[in-house]
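Letters A, B and C mark the chains as written, and numbering starts fresh at 1 in each.
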Amino acid sequence: MFCIPFVKCIPLMALYSQLALGLINGSFYALLSLGLAVIFGMLRVINFAHGALYMLGAFVSWWLSITLGVPYWGALVLAPLAVGLVAILLEKSMLHRMYRLDPLYGLLLTFGLTQVIEGMFRYFYGASGQPYPAPDALQGPLLLGFMVLPIYRAWVVVVSVITCLGTWLLIERTKIGAYLRAATENPTLVQAFGINVPLMMTLTYAFGAALAGFAGVLAAPIYQVSPLMGTNLIIIVFAVVVAGGMGSILGAIITGYILGLLEGLTKVFYPEASNIVIFVVMAIVLLLRPAGLFGRAA
Amino acid sequence: MSGSAPPIWGPTMATDGALLHIEDLNAWYGESHVLHGISFDVRQGETISLIGRNGAGKTTTLRAILGIVRSRKGVIRFRGEDLTQVPLHTIAKLGIGYVPEERGIFASLSVAENLLLPPVVRTGGMSVDEIYTLFPNLAERRSSQGTKLSGGEQQMLAIARILRTGADVILLDEPTEGLAPVIVQRIGEVLQMLKTRGMTIVLVEQNFHFARKLADRYVVVEHGRAIDHFGAAELDAKMASLTEQLGV
Amino acid sequence: MSLATSTAGVTNGTRARLNLTVAVVLAVAALVAPFMVYPVFLMNVLCFALFASAFNLLIGYVGLLSFGHATFFGGAAYVTAHAAKVWGLPTELAILIGVVAAAVLGLVVGFLAIRRQGIYFSMITLALSQMFYFICLQAPFTHGEDGIQGVPRGKFLGLVNLDDNFSLYFVVLAIVVAGHFIIWRIVHSPFGNILKAIRDNEPRAISLGYNADSYKLRAFVLSSALAGLAGGTNAIVFQLATLTGVEWQSSGEVILMTLLGGIGTLAGPPIGAAITVGLQTYLAALDFPVTVLIGLIFVVCVLLFRRGIAGEVAAFMRKRR
């Protein structure tokens, strides 16, 4: 039994499975805030449409399965690509005009785009979700010694950790990443060196969007594919990103997992507060360390 | 006095032979008109120095040539090609290297990453080994964060990374600003070496005494205008008026 | 280009003349309207006009984009509804309590949000607003999805019977005009000038000795209180307070109204509110996806039309001189 004094006692197995669920939510928070941070770092735009792109990824994989019979494994590759293409279109037609303006316009534009995208999907597909089954290979339970976990959930956590670490490695340890970091600091000078920074910005937005789309595919078997799936999630991700501080990629990832775990724990011991605990943590961080847990001083 | 055309060249002279031809360059920062009809030529292999007081418009001139300052009008021709039609990220490929006034060393990159950042655009650039031989302290600190270097080392790094690219024209903005005399001397040696290798150098320099060691020709810039052009040979004759103009 | 100063540069004289013209036109229209258009629709427009103007106080004159203003509008609606229905308070007191509640919420949200600048400020207001939404979802007194229904309209000041739509209309008109008058006074006061100075160049204002955070917080509380006035009044008009009032979509709508009408102008937000509420009411009857249209207008405004209607008119008048 695991007890918090004066609050509650629960069986250890139940605690572990709640922590696991928290870790799963945390995986999505981490993946999405990673994408948001990458986009913000390079483009100085808060991509409100990130939730809509996530939803788009889920819908593309559902559509691929229903219309073309493409299995989950194919969707994992194709859906992010599709979302990336949509992102390139959005960036080249509209978003790039926001760069020289006050960053708030970027937020407003992506907010408008979100309303359009989600509104259209809601109009055609209604508010309820479509089911999307996990692939056979990932169905069933995983019997760890101390707990039981659905294999698919474990898969989600493993894949997201790998993706986050892989993205971090890409940015911090490769030449492409060096270009990205330098262009984030001083885009004009990097251009003067002969690097096509406008193209980099387009591709960065596409990459961030693809990350969101990828998260959408991962989410489809767990949360059902619905036009509303990104709606409230994006605001939670905003809170994660404010709490973590958008200066660092690693900070965004770690904060995502931590807050997911915290949310899971809260669901066990104080369920009424579970959907606001992340906002409360954000508020506390703002009071004590305004730059964010991993942020540099504003 | 811009009215008297010195025998070496003047705005009316034929532009063939000039590697970089600037004519009647005007530029604006927003509403503010900062460059008024600057004209000069740069020949292959020569070192031309823009001299003038703080805020005269020398840095702006370099930025306007590259296109960093986008509100600009005038003729900018490089190897015959109209630079005003070339996007900023293509300029380097033409062989123009830029060392900005603030040096532009990236804090989120290591020294080695800073050095390797500008892509190689032409053959003839120095290899990484050659650069590390020329600047051993950069080799020593190659994994440090770029901005942890001293001011002088950062300046060396800013010059070194252009040497790798194969650029044969280098725009240097105030390379000796704020540096100790020993470092200034070292930089002078490096630039002298580049000169002997045939590098074309456009040097913006407030430190007149540094410039005179390298420059073949001078353009005096004041309030956004080129008020005088002359060659190294005429320097002594001009010293009196220069001292007055520049407060040297 | 700063969000708010895109409309700056209009001389005081031109702007005053423009605003006077618009005010006169609106005044005449306002007095005549309830005889031609359904009064409840008009009252809805009026409440949102005040809501948008309160929001505009922050973005237009202080340069702060609050993405969670629905908290104050919807929160006040709940409090007013509860005060009128459950506590049986007279209408004017119920609305007043709603205003106070909104001001308190504004104090809390503002205090937290002001700790960060620019875009972070906006994200914090959004997150806190969502938190408030969840609290409202679960709090017993709001009755969750049903909301508080059957709010009595009562009598205004014990005299005017508000069950009659016409009487209610003129009371609401008076309230909204008063609210706008307060905003106008704030903007054209030394306090307002300091706010504008902070908006244009905060470091300089601080170096001149002004405590920027204190001014920003005061402006935030004023803005939220006025938004609460709009919300509380709205609750009385529709005799209803629901979750819709505290949703983030409502925050988005009021931003659109202000952007469409013209950020940083006094006439803009009411114009934007009239158009937006009009569109929503008309299209709701047609089973048209309103959110898509709202989103499209948003996108078009941000891309091509950042000065908004009033802003474009003001710029046009400037050019004519």
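Observations on the structure shown:
In this text, a residue touches a chain if its C-beta (ideal position, glycine included) is under 8 Å from a C-beta of that chain, and two chains touch if they have at least 3 such contacts.
Quick caveat, the model's predicted, so the values are computed rather than measured.
Within the contact network of the assembly, the step distance from chain B to chain C comes to 2. Closest to the protein's overall CA centre, chain by chain, comes A. Among the other chains, C has the CA centre that is most remote from the centre of chain B.
Chain pairs A-B and A-C differ in how many C-beta pairs are in contact, and the one with more is A-C.
For the pair chain B and chain C, the distance between mean C-alpha positions equals 55 Å. Averaged C-alpha coordinates give centres for chain A and chain B that are 45 Å from one another.
Rounded to whole angstrom, the centroid-to-centroid distance between chain A and chain C, based on C-alpha atoms, equals 32 Å. The set of chain A residues touching two or more other chains is empty. Residues 1-3, 65, 67, 112, 115-120, 122-124, 126-128, 130-131, 134-135, 138, 248, 252, 255, 259, 289-292, 294-299, 301-303, 306 of chain C are the ones touching chain A in the complex. Considering their complex, residues 46, 94, 97-98, 100-105, 107-109, 111-120, 122-123, 232, 235-236, 238-239, 241-242, 272, 275-276, 279-280, 282-283, 286-287, 290, 298 of chain A touch chain C.
The part of chain A that touches chain B in the complex is made up of residues 175, 178-179, 181-182, 184-186, 188-198. Taken in their complex, chain B has these residues touching chain A: 66, 68, 88-93, 98, 100, 104, 106-109, 113, 116-119, 121, 165.
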